[in-house]
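There are structures below to look over.
Two complexes come next, and they have one chain in common, chain A, joined by chain B in the first and chain C in the second.
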Partner chain A sequence: MLSHSQKVVRLYRKAIKSIRDYSEDYDMFLANAGDLRAALKAGKNETNPFHIQQMVKQLENFNSYWEHPDPYIPCDGINGTKWQRNTAPASYVVDPTNHLLEGFRKD
Partner chain B sequence: MYIVNLILPLIGSIVTGILGHKLGNRISIQIAVGCMMLTALSSLYIGYEILLCNSVVHFKLGTWMQVGSLNVEYGLLYDSLTSIMIIVITSISSMVHLYSMDYMKADPHKTRFFSYLSLFTFFMMLLVTADNFVQLFFGWEGVGIMSYLLINFWYTRLQANKSALKAVILNRFGDFGLFFGILLVFLVFKSVDFSVIFTVAPFVTEYTINLIGYEVNAITLIGSFIVIGVVGKSAQLGLHMWLPDAMEGPTPVSALLHAATMVTAGVFLVLRTSPLLSYSITILNILTIIGALTTLFATTIGIVQNDIKRVIAYSTCSQLGYMIFACGLLNYNASIYHLTTHAFFKALLFLSAGSVIHGLNDEQDMRKMGGLVNLMPLTYQCMLIGTLALTGFPFLSGYYSKDIILETSYATYYWEGTFAAIIGYVAAFGTTFYSFRLLILTFFNKPRMSYKTIQGVHEASTKMVIPLVILAICSIFIGYITKDLFVGLGTPVWNNSFYAYPYNNLILESEVLQRELKLLPLFAFIYGVITPVLFYYNIKEARMQDVVMTESTKESYFFFVKKWYFDFLSRVLIVVPFFHLSYDVMNKELDKGLWEQIGVTGVATALVKEFTEFKLNNETTISTYISYIVQAIIMIIVVGLFSYVAGVIYMELYILIGIIYICINKPNKS
Partner chain C sequence: MIRNTFKLVSNIAVRPAFSSTFVRQPIVASSMMMRNYGSISEKEITDRVIDVVSKYDKVAGKSVQPTTTFKELGLDSLDSADILVAVEEEFGIEIPDEEADKITSCAETISYLRKTPTAK
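Showing the complex of A and B:
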C-alpha cells in the first residue's frame, strides 16, 4: 500500500521519463520538464482532498496519454544494449572447491 | 590463384579459431586480417582479368556426388557477376576486419569473432563462385549459420539469443523455398549445373507441372520457390522481421553481413538465375511488387526509429527493395550497380555509427546523443559522405545508381514499373529525411548524454579511421568511375552473366523522359534535407501541454514505431498457433498422450496393472486351477471324439461349450 507522496513521486518520475522519451532536443526537455515541475509545485500546498484527487488523476492521464511505444533504456540498465553482455561464467564452473579431489586419488 | 583467393579466408578462420589460444590474440588476429587483405588484393586482380580483359574462368575440381542421373561436381565459375561480387565482398570484409581490430579490442572473445567473420567470408565467396545449385546452396546455408553465430556472438545475452534464433528460423523459411526450387530444377532439367539449366531454359518455357490437378508453368513454379528464398535472405516484406533485430550483434557484423554481403545474396541469386526467371512474367511482376512494397514499408519505419543502427538497418531493407524491383523490371545491370555502390556507402554508415557508439561508451539511442560534430569531426565527415551518397546527392555514387533505377522504372510500359517508380521517388524523400534526422540528432544541437559520457567521448583510433576514409573515398568515386562499366550502353562486361533481353531499351527510354522527372530525385533530396532541419530548429519551442494528438495521429505513430505490427501479427497469427499445435496438441496430447496409451508403454502399463490387480485380489487355490486344467482336457477329448465321429471339426462348438462352462463355473469373489 503506497502513501500519497510515494504515489505522486512515482507518477512524476514516470512523467519525466515520458517527456525524456519524446524529447529529441535538450532545450525541449528542459522546457517541458520545467512545465511539469511548475504544475506540481503549484499544487504542493493543496489541502482539499477532492482537488488533490483531481490533480493525481490529471497526472495519471498525462502518463497514459504520453506513454512512449519505444521508451529509452540505458545501455547498462536492465534490457539495455549492454545488458548480460560477456557475463562471468557460473561460479560452480570455476569454483576451485569443486575440484578438490582431482588428482588426489591414485588410479 | 582463384583457389587461393577462395581458401585464404578459410585459412584465416581456422588459424584464429583453432590456434588462437596457442598463438595468442594479437598474432592470430593479424593473420586473419592479413589473409583477408590478400584475398581482397587477389579479388581486384581477378576483377581486372575478368572484367577488363574479358576472360571468364570456369573450372571443375572433381566429382562431389554421382547418384543416378544426379551428377554434382565441385566447380568454380568466375564470370563478370562473380568477379564484381568477390571484389565487393572481400574489400568490405577486409575493411571490417581491420576496423574490428580496434573495435573489439576490449572483448575477451575477439579471436572467435575474427574466426566467424573469416568463415562467413569464405561461405559467401563459395556462394558467389558456385557453378551449380547444390554448391550455391551450401554457401547459402553457411552464411545463414554464420549470421546466427555472429548475431549471437554475445551469447550470454538473452535478447541476442532470441534475435539470432529469429534470424535463423526466418532464413530457414527461405532456405526451404530455395531447396524446393532446386529439387524442381532437377526434376525439370535433370541437372543442377547452371550451364546446362540456362542453355536449356529457352526450350522448356511451355513445360508444365501438374500440381493438385492444375497445370502450372514449370519455370513459374521454380521461380516461386526461388523467390521465397530471396525474400528470406534479402529481408523483403514478409520475412524481413529478422533484419532490425540482427543489430544485436556487434556493429562490424552489421556492416559486413546485414548491409553489404549476406543480404545481397538474395539479389545475387536473382541475378544468377536471371536466365531462368526472366522467362516468367509472373515472377518478374512478383519481384517488382515485393521490392516496391518493401522499399515503402522500410522507409516509413526508418523515419520513427530511435536506435542509430536500426535506422541504418531499415535503410538497408529499403535499398534492397530498390535492387529487387530493378531486377523485376529486367534491369539487372542497374541492380548490380546499386548493389555495388550501396555496399560501400552502407558499410561506411554502419562503421561510422560504430565509431559513434564506441566513442559514447556503447550508447545507441539517438535521443541520448547530440553535439558530436566538434568532438568527433572525422566520424561526422565520413557519416556525412555516406549520407550524401545514400540520399543521391549529385555526382556521388548513390546519385548514379539510384537515379538510373528510378528513371528506368518510370520508363517501362507497364503499370508495375510506374508503381515501383512512384514508390521509389516517395522513398527517396523518406530516405533523405531519416538520414538527415540521424545526422542532426547524432551530431548537432546540444548534447543530451550524461556528463560522464561526454567526458569520455573520443574520436576513433587509427585502425578504425583508415577503413572509414577508404570507404568514404569509394563512396564518392565508385559511382562515377564504374557507371559506364555497369550501365553504359553497349558495355561489353556482362556477356552471359545475366539475361539480356534483346528488346530491353529502358536506358534509351529513360534518356528521353521529361526533364522534371530527372530533377525529381534532386527535389526529393532538397525537401528531405529542409524538412528535418526546420523540424529540429523549431522543436525547442514545442510544449507537450499544448500538443493535442488526435487518436488517429497517435495510432499512426504507434503503427510505424511498432513496425506496422508485423511482429505482433506474425506472433499472434503464426507463432502462437503453431506453438500451441506443436506443444499442447502434438507433444502433450498425442506424443505423450494417445500414442503412449495405445503404444507399447500404454499396453505394458495396462497389462501390468491388470496382472497386479489380479495377483492382489486372487483367492483361487492351486487345487482349483488343477481341476480347471483337468476339466479342460476332458472337454477337449470329448469334443475331439465327437468331431472324429461326426467327421468335421466344429470350432464354434469348442467356443460355445467353453463359454457355457465358464458361465456355470464362475469363480466367486467374496
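Showing the complex of A and C:
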C-alpha cells in the first residue's frame, strides 16, 4: 500500500516524463514542468480530504490524457531498441565439448 | 634421416604444441566476450551525480558532497523526483518507481548506479 506522498511523487514522475516526451525543446519542457509544479504547490497545504482526493484525481487525469503514444525509452530499458538484442549465448553453444557427457562426468 | 628428423620435430615441436592447444580450459568470461557494461568507475559516477545535483537551481550555491542527503540541501520529495529524472537522462537508464522511492541522498543514487550495469 502506497502512502499518499509516494502516490503523488509517482504521479508527478509520470507527468514530468510525459511533458518531456511532448516537449520539442528544453525551454518548452521547463515552462510546462514549472506550470505543473506550481499547480501542485498550490495544493500543498490543503487539509480537506475531499479536495486532496480531487487534486490527485486531476493529476491522474492529466497523466492519462497526456500519456505519450511513443514515449522516450532508454535503449537498454524494457522495450528499448537494444532490449534483449544479442543476449549472451548459452555456454554449450560457445563450447560444445563434453556437453552431452556432462551427466557422466565423475568430478 | 628423414625419419629421425620427423621424430625429432614431432617430439619437440609438434606434440607439445598440439597437446597444449587442445587441452580444454574451463570457459572464463574474458573482457573480450563481455559487453562494456558496468564500466563506469565509482569516481566518475560520483562526479557526474554531484554535477547533476549541483546544477539543480534550488541547490545553486550550496556545496554538494557525495554523502549529502537531499533533505540537507533543502529539497522536498518532488525536487528529488526532478533530480532523479535528470540522473536518468544523464546515465541513459530508467529507474523504476520502487527504487526511486528509496533514493533520498547522493550516496543512495551513487550506489544504485553502481548496481545498474546499463548505466552509461
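One rule holds for everything that comes next: the second predicted complex is superposed on the first by the 89 of 107 C-alpha atoms of A that agree within 3 Å, B and C clash if a C-alpha of one lies under 4 Å from a C-alpha of the other, contacts with A are read in each partner's own complex, and residues count from 1 in each chain.
The rule we apply is simple: contacts are C-beta pairs under 8 Å (C-beta built on N, C-alpha and C of every residue); 3 or more make two chains touch, one makes a residue touch a chain.
Because the structure is a prediction, the values reported are computed rather than measured.
Engineer: Regarding the shared-chain residue A:20, is it in contact with chain B (first), chain C (second), both, or neither?
Structural biologist: both
Engineer: Applying the document's definition of touch, where does A:75 land relative to chain B and chain C: first, second, both, or neither?
Structural biologist: both
Engineer: Touch check for A:29: first (chain B), second (chain C), both, or neither?
Structural biologist: First partner only.
Engineer: For A:37, is the partner it touches chain B (first), chain C (second), both, or none of the two (neither)?
Structural biologist: second
Engineer: First (chain B), second (chain C), both or neither: which does A:51 touch?
Structural biologist: Touch status of A:51: no partner.
Engineer: A:10 in the overlay: touching chain B, chain C, both, or neither? Say first, second, both or neither.
Structural biologist: Touch status of A:10: second partner only.
Engineer: By the touch definition above, which chain A residues appear in both interfaces, chain B in one complex and chain C in the other?
Structural biologist: 20, 73, 75
Engineer: List the residues on chain C that touch chain A in their complex, please.
Structural biologist: Of all residues in chain C, those touching chain A are 24, 27, 33, 77-78, 81-82, 84-85, 88, 92-94, 97, 100-101, 118.
Engineer: Please give the residue numbers of chain B that touch chain A in the complex, ascending.
Structural biologist: 107-109, 154, 156-159, 305-306, 361-368, 370, 441, 445-448, 536, 539-545, 549, 557-558, 561-562
Engineer: Would you tell me which residues of chain A are touching chain C in their complex?
Structural biologist: Touching chain C from chain A are residues 5-6, 8-10, 12-13, 16-17, 20, 33, 37, 40, 73-78, 88, 91, 94-95, 97-98.
Engineer: Spell out the residues on chain A that touch chain B in their complex, using ranges where they run on.
Structural biologist: 19-29, 31-32, 35, 65-66, 69-70, 72-73, 75, 79, 81-87
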